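Labels run A, B and C following the written order; every chain starts at residue 1.
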Amino acid sequence: MAYALQQLINGISLGMIYGLIAVGYTMVYGIIGMINFAHGDVFMVGAFVSLIALLLLQLGGVMDGTAAILLMLLFSVAVTALYGWTTERIAYRPLRGSFRLAPLISAIGLSIVLQNFVQVSQGARVKPVEAVLSGGVEVFREGDFAVQLSYMQMLIVGTTLAALAAFTVLVTRTPLGRAMRACEQDRKMAALLGIDTDRTISLTFVIGAALAAVAGTMYLLRYGVIDFYIGFLAGVKAFTAAVLGGIGSLPGAVLGGLLIGLIETFWSAYFSVQYKDVAAFSILVLTLIFMPTGLLGRQEVEKV
Amino acid sequence: MNPAAALRDAGLAALVAFGLFAPLVGLRTDVSPTGGLFLRTRWTDVAILCGLVFAGRFLLSLWTGRRGLRPTAGPTPWTARLERLSTFVAPALLGLALVLPFIPGVERYELDIGILVLTYVMLGWGLNIVVGLAGLLDLGYVAFYAIGAYAYALLATTFGLSFWVCLPLAGILAAFWGVLLGFPVLRLRGDYLAIVTLAFGEIIRVVLINWTSLTGGPNGISGIPRPSFFGLPFDASGDPGTFAGFFGLEPSPWHRVVFLYYLILALALLTNWVTIRLRRQPLGRAWEALREDEIACRALGINVTTTKLSAFALGAMFGGFAGAFFATRQAFISPESFTFIESAIILAIVVLGGLGSQVGVAIAALVMIGGFELFRNLEEWRMLVFGAAMVVIMVLRPRGLVGTRTPTVALGQKRAISGDLVSEGHG
Amino acid sequence: MRTDDRPERRDMILEVAGLTMRFGGLTAVDAVSFVAHRGDITALIGPNGAGKTTVFNCITGFYRPSDGAIRLHVPGALPVELHALAGHEIARAGVARSFQNIRLFPGMTALENLLIAQHNTLMAASGWGIGAVLGLSRYPRAEREAIEKARRWLDATRLIERADDPAGALPYGAQRRLEIARAMCTDPSLLCLDEPAAGLNPRESDELAQLLLSIRASGTSILLIEHDMGVVMRISDKVVVLDHGKLIAADAPAAVRADPRVIAAYLGQDEPEDTAA
């Protein structure tokens, strides 16, 4: 029982990270109908940038945990957002139109570029880092097994919720959010009504990248070790989460992320660690076969 | 575009470049002897990169004006010239391929590259059936390559069957898996189909790594029998029962390599021949009609599901053949050779070829794989350049190199159809 | 137009019985029942949003009806329950259609479009792919015959000059005609046309009317959705009127034209008024 509770806690914090990345996928798919293949690698860049920020802060003598984390987040979000913006301008915007295969190949090429760029500039070895925030609270105890809720996990959940709340306010209350939703519904019409669709789409990518940066920072702090390949795996799982929740639905992305995090954690705890990635992929396949619109997605009727 | 505006563009670009490169290039994390991380600064590298971006963007703005690089599709002056030569290109390439081993100066290394290129040409032609003709987006093609390779390896090592028996079996098994995997997912829309096929590819790779008892796990399968010349082994001994002994030649590893070369050439040409024949048959036309408009196909009585499955299965079969060849050539296979990147490269070859064109795919494979080999000395930069090349090529030619489609039948003259009219498919 | 319209003399080709289609909470088609007779041109009209294309899509297998039945009557055999068939099986049963937004194969020539329509015949003749690849002798002859049939229809629709042109490059009127020619190449017993006159100028509408009359003369029954009343009144043997998903009239054109309920539906009046013809 205690073991299960621990897995639950672990799964939720992992799931929040996936959820943040999934929101980026679902936003981009909603607005330009494209799967941003390189999004997972933007998350990876975010993790690396926050690593560098952390080292800079340690050099600069900033020892306070929460201040350091806040500065890391700001730095990572700023730089990663720039990466998100640049990727859209270079690899996707020229191909916006009726091309279907080219943007996909371009995105895959971009993913290769980002992975290898980080590999070449930072070295191929894994990067371990000491825990910034350690310790936690004992939540439950069953005999010898203590269920730990670490401060790190609380931070992850808290930060993620804050980021998602800010994001929701953005989408529902601001003109930008309205413009994004308009472009999602009917881009041509939005343009005819005077919305700068290019800028709106750019900002969608930027916001997605910002959220991915937050996820990257959380990932770094949670796992303490990153390498240039984490983007691919996290990307596929986050995409699975987005599909599971219903692609195009923002709450669905978060819900999907939580589910994937929980399933992955419970699977590796109770069945096998080796096949945990297969669990995520299999869920993706089953969801698409039996529930293509996902849990919270919209039913699409094709007009003949 | 006037130089002042170009300068401003370049300045902005350099600024963005600084923001991108300063953190990741300027500050490198290295592992210190004590195991912790420290930062190394490389500001000169950042300065060089920003300078390059500045200069590049300046020149680009001057040359192309405000718009920058723009995608073109359909025939352009360049491709039109290529089309005029196209009647010569295909026979020329074929001729070159046929005599390659006998050209003076072609050594083991060049022939190995030739084998590699031809393998990818065959894989490209196989995937072309699925993506180029039928318009189905398959991101997990490497799965069939792997199934063919492992099937051959297991059949050959466990039952000792010869290559010529194992080859069709590997193909049939791959086709069977193609039907099995395709059946539940072929009604999905394009992007979803892509992701599901990607997931399948990864699932198979993870299973190959972990099902050690069957597949040998990460160590793979070794000791796969080498090919023989229809029963005559390529032995170094020179005995009468070997290839060299039978033909009265000096034994040399060169013979086996040449044999492998002609073997993959034959397999690739088989793929090509079947595809060209089928294009003129109702099945091939149905594939292309599927790509153009699936709903109209249904309204004409075409069973869309079986048509899609046939494309999938046939593509899988040729992938399986290629896998069997790969296994016998390497004598050793492991899951590392069957990653997602391989699927992506094969798909890029097909997309770069353009409009389901066979010649296009061949040229694309030559350019991409040959180019990749040529840049051997770039080492760790090679993949980075490769990825960047993929992006640039797609932005410049989103529909691929070939600009037109040739109809399979005509009352009068067959006239090429512009690529703008040809559909990419919607899954 | 037919003068003898005693129903028991003419057989039915299509029977729609209590057809209902619901999308979520919206009932697009509500218990619609009508009959189309063999050898007739039956028009389905009604204001926009009346449910005409929905009925069409149910008949041709693109929607599965929520309720009701659609039967195709085949001489000498049991009626075919169309509502239970998969999309492509309906075409094989002899029901062909055209689309409101033209759905040709744009990257293929007009001739190729017509050959694809004959896919099933050609597939059977080719030994399902394998035989033809290996060069079985039946296939070349079957293909020649298919090309001949295509040629005849290209002639009938005045497209023979453009046989080798890509369908996507044809002018609008030619594309409409090509779609009809393609549907006819499937040798249907019932041809369903969704607004074939949309976007055509008066001369082209005239030519379309002639084409449809000649198709009827050759023995194929026609069911069409149309807004162009000129075409409808001129060539239809029977007119079925829908409004807000319900059937409000099904009769000869002249009777329908004078029906006060029909007039009210189109003009949006609350009370049916006495009208001069």
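As a convention for this text, a residue touches a chain if its C-beta (ideal position, glycine included) is under 8 Å from a C-beta of that chain, and two chains touch if they have at least 3 such contacts.
Everything quoted here is computed from the prediction, not taken from an experiment.
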Notebook entry, point to check: Which chains are joined by the largest number of contacting C-beta pairs?
Noted result: A-B
Next item on the list: Averaging the CA atoms per chain, pick out the one whose centre lands closest to the mean of every protein CA shown.
Entry: B
Margin query: Counting only Cα atoms for the centres, state how far subunit A is from subunit B in Å.
Written below: 30
Check: When the C-alpha atoms of subunit A and subunit C are each averaged to a single point, how far apart are the two points in Å?
Finding: 50
Next item on the list: State, to the nearest whole Å, the distance from the C-alpha centre of subunit B to the C-alpha centre of subunit C.
Entry: 44
Margin query: If I count partner chains per residue in subunit C, which residues reach a count of at least 2?
Written below: 62, 99
Next item on the list: Return the residues of subunit B touching two or more other chains; collapse runs of consecutive numbers into ranges.
Entry: 295
Check: So which bits of subunit A are touching at least two other chains?
Finding: 304
Notebook entry, point to check: Residues of subunit C touching subunit B in their complex?
Noted result: 60-62, 87-89, 91-92, 96-97, 99, 103-109, 111-112, 115-120, 122-123, 126, 128-129, 132-133, 139, 143, 147, 151, 160, 163-166, 168-169, 182-183, 186
Margin query: Touching residues of subunit B toward subunit A in the complex: what are they?
Written below: 16, 19-20, 23-25, 27-31, 35-39, 68-71, 73, 131, 137, 184-185, 188-192, 194-196, 198-200, 202-203, 206-207, 209-210, 295, 340-341, 344, 347-348, 351-352, 380-381, 383-384, 386-391, 394-395, 398-399, 424-426
Next item on the list: Give every residue of subunit B touching subunit C within the complex, in rising order.
Entry: 274, 277-278, 281-283, 285-286, 288-289, 292-293, 295-304, 310, 405, 407-415, 417-418, 421-423
Check: Quick one: in the complex, what on subunit A touches subunit B?
Finding: 29, 33-35, 45, 48-49, 51-53, 55-56, 59, 75, 79, 82-83, 86, 90-91, 94-95, 97-106, 108-113, 115-125, 127-130, 232, 236, 239-240, 243, 274-275, 277-278, 281-282, 284-285, 288-289, 292, 302, 304
